[in-house]
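Next up: the structures, one after another.
Common to both upcoming complexes is chain A, partnered first by chain B, then by chain C.
Let's look at the complex of A and B:
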């Protein structure tokens, strides 16, 4: 096969693979781009400042642990199974009846807080976009689908590079207002400019769930008795082997741990490590034996790609004594950790987050221009790929383009409106918000199928623009806040969210205007 | 009569050509479907054979090798998918992937026997 025909074969792979997987990829990219600021989204949606999770000093952590022990209503000499997460004042334990009880308490006074970890409205917050990003809200099936689509993105990127003859020249080429040529230039500029980011984000995304998406080696060498779910939840032979890699797990903590022994153990862990206690857990292991874990807070300055070194103690034996767990991650573990930090922008602070956000927008532009290019090209000259059904298939393709590009944006904007408009006392409020998103998204698809494309594009972009531009007004009417007030109080996360939404609304208004003047 | 016969001839000829075009198109569709299957299924199996074989070469603790091989696996699968479309024919694409699979399985087998 000559070079030209290889290029042609890979070109069809790029065009058709890009089209079929581009729709889901668009949704994954929009959700992922917003997910960079998931914490900020949650803060805005709760309508009250989220109690920032702040690292405690060693003394504060011991005081918090003291409060947590006092909060358990079970005061017998034997400790029940428990899980204390100290930085947010969380105490959970297994009560006498066997049911799990939990309480959030004030770190200073130890008094229980009725409002949970955060005050304000109940919301799915930024977590909705994160879940949409990696699972499309469809559980394991969704995770598998996202993994497959991401692999296809990698294939589309590589085939795109190969079919691209003038990669350097196109870096500087953008011809506007020239129809199909402009769409191709736009697609090339968005892709070539951010190619390193796109390759990185696709690959590091795949490695996060490698136990689910590349399970062959694990399956052969360790076995997968619990299936993919167990790998995902970290309860599998492979995961336990990787956790006890440097050191055997040691003996369990004895059949019963005296409640009075917990505090002295934690004190000793603090004095041995010089770190604060972050979490302390008493839970049965896979063999049903009780294990007492004391996890210390590492010192992470967010300047490096490697996560904080984990210092972990275990309470072993009877009477229970302290054992330091030696956990030095191996090369592959470190590599995976770095790739996760890269994917999630867990380094470099706000600068990296903004860079990731903007590159994510460029990725959305790359996918959207690619999808539109497909239909624009075939409007000039039909490819007759589907025989007599060709024009009908093109029609459906264009409707899917509208719903995945404009529709996803519109549904995302509607999600923010849902948060402010749904009644505060509603049951399952967080769920209702997500349903809001999914419902609007379904409606955009129906709308795109019913309306001619030259009307559907501007109508959906126009509505999305109205929702985005109106967000500060809606916020003022419902919560009494807007970006001016946020700026005055120095709440820059909320200020940023509303101003960025406003700016994106202006872009949508522009797109609505442009698509409204499109020739049919 | 002659004109009608000529007409008939022409029609027959064009319907023959149409049939030939249709058969050709069906072959192209079949070959493309075969390449798609090679990229997805064949690529997955060939990748699995390699990521299983790499840790099989290591004695003792394999955790880091299983993990490392799996992390590299995504690049292998991508390469396999590209190969499935870059190969001259669909058959050659399958042969290439089968070769890789056999090599991987052989390494795993030999490493298992020799231990």
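Let's look at the complex of A and C:
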């Protein structure tokens, strides 16, 4: 095959592969870009002034634990199986009937909060975008589909580099107002200039779920699907098989730990390590004895891509005493941690998060310009690939473009509006928010199929602009807060979200204006 | 944030010089072309700035975290350079249009 025909073949792969998988990829990218600030989104959506969960000092962590245990004693007879997480102030325990009960505590007062993990409304929050990003809300089938689409993105990136003949010559070239030429320039600029990020995000995205794509080694060692799960059943996730095997002779793996013993043991763990308690797990082992783990993390060094080092204290012996384990992850775990850190910007602090957010927007622009370029090009020079149905197929393609580009933005904005407008006492409120997103998204597709593209584009971008620009006003009307107040209180996450929503609203308004002047 | 701002500025300067070394963008940015020797010097200066641009991020975050942060900054600085070229080229076009009308 000559160089020209290789390029030709890759060009077809890039164009058609990019089109078919680009629709899903657009949704995955929009959701992923917002997911960089998933915590901030959740904070804003709770709708009331909340303090950011900060790391507690060792003394504060002990005080919080003391409050939680004291409160649990007051709530009546409880079985002592118990989980406690800081700094969110969560305590969960198994009640006598086997029912799992949970309470979130106000860390300052020690009083339970009746309204969930954060003051304010029940919400799916940023978790919706995270779930949409990696599974399209479709469980394992969604994870597999997202993985395949990501693989196709890598194929599109590599084939795109090969077919782009003037990669260096056109490096800075973006000619506006020249029709198809401008769309191609825009697609090239968004792709080539941010290529390292796009390659990294696709590759690391694939590696996060590598055991799903490449399960052969797990199946070989533990048996076909389900073998590993069966092996792990009944074992605590906090202790590996090898650690259990390496216990000193005569030392029992676990001992019965009453709830009353937890506080003194936590104090001892804090004094030994100098770290704050982050997690306490009191759970039965295979023999039915309660086993205790106290989990702590050292400071996270933003200069490293690895998570904070972990120290675990395990309750052993009778009477119970603590055994310290400073966890040093193996090479495979470290590699997986680095990949995850890189993908989710869990390093470098706010700088990395903003860079990933902006690069994510560039990725959205790359996909959107590619999708639009396809239809612009085919309108001018149709290949009649689908015979008599060609024009109908292109019509559907254009409608899908509108729904996945403008529609996803519109549905995302509607999701935020749903959060503020749905009744606070509504059952399954968090689900209703997600349904609101999906419903609006479905409507955008119907709208795009019914309206001619030259009307559908500006109408959807225009509505998205109204929703984004109106978000601060809606917040003021429903919650009584606005970005000025957020800035005064130093709630920079909430301030940033509304400011970015407003800026994006202006961009949508510009796009609505531009697409409104489009020729049919 | 200072380290990030420094890397962003140095990267933007590097891309701008590299763009200025290309004839097409010389016309976009200054409305005329440079001699070959001048263009070569601009290219070398741009390449040198590009080479030192990771310095602040590596110094602040270390090589492991600094490398991805530098690459992302470098990419976004290149996008900013393209925007500057577009704005500048339009301004020059408008100015030359006004001159023609005036003349």
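We take it that the second predicted complex is superposed on the first by the 457 of 520 C-alpha atoms of A that agree within 3 Å, B and C clash if a C-alpha of one lies under 4 Å from a C-alpha of the other, contacts with A are read in each partner's own complex, and residues count from 1 in each chain.
The rule is simple: a contact is a pair of C-beta atoms (placed from the backbone, for glycine too) under 8 Å apart; a residue touches a chain by one contact, two chains touch by 3 or more.
Since the structure is predicted, the reported quantities are computational estimates derived from the model, not experimental observations.
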Chain B and chain C placed together on chain A: clash or fit? fit
Between chain B (first) and chain C (second), which does A:105 come into contact with in this model arrangement: first, second, both, or neither? neither
Vertex chain A, Cα centroids of chain B and chain C as endpoints: angle rounded to a multiple of 10 degrees is 80
| Which of the two partners, first being chain B and second being chain C, lies in contact with A:129: first, second, both, or neither? | neither
Open item on the list: In the overlaid three-chain picture, which partner chain does A:359 touch, first (chain B) or second (chain C), both, or neither?
Closed with: second
Is A:93 in contact with chain B, with chain C, with both, or with neither (first, second, both, neither)?
neither
Quick check on the superposed pair: does A:206 touch chain B, chain C, both, or neither? Answer first, second, both or neither. first
Between chain B and chain C, the one with more contact residues on chain A is chain B
Practice problem: Figure out whether A:44 sits in contact with chain B (first) or chain C (second), or with both, or with neither. | Solution: neither
In whole Å, chain B and chain C in the superposition are separated at their closest C-alpha atoms by 18
Footprint intersection on chain A (chain B / chain C) at none
As the complex stands, chain A meets chain C at residues 169, 171-174, 176, 189-190, 193-197, 200, 302-305, 342, 347-348, 351-352, 355-356, 358-359, 362
In the complex, chain A touches chain B at residues 1, 6, 9-10, 12-13, 151, 154-155, 158-159, 162, 203, 206-207, 210-211, 213-218, 220-222, 238, 241-242, 245, 330-333, 335-336, 339
Within their complex, chain B touches chain A through residues 32, 39, 47-48, 51-52, 54-56, 61-71, 73-75, 77-78, 81-82, 85-88, 108
Listed in rising order, the residues of chain C that touch chain A in the complex are 1, 4, 15, 19, 22, 24-25, 61-62, 64-66, 68-69, 71-76, 78-79, 81-82, 85-86
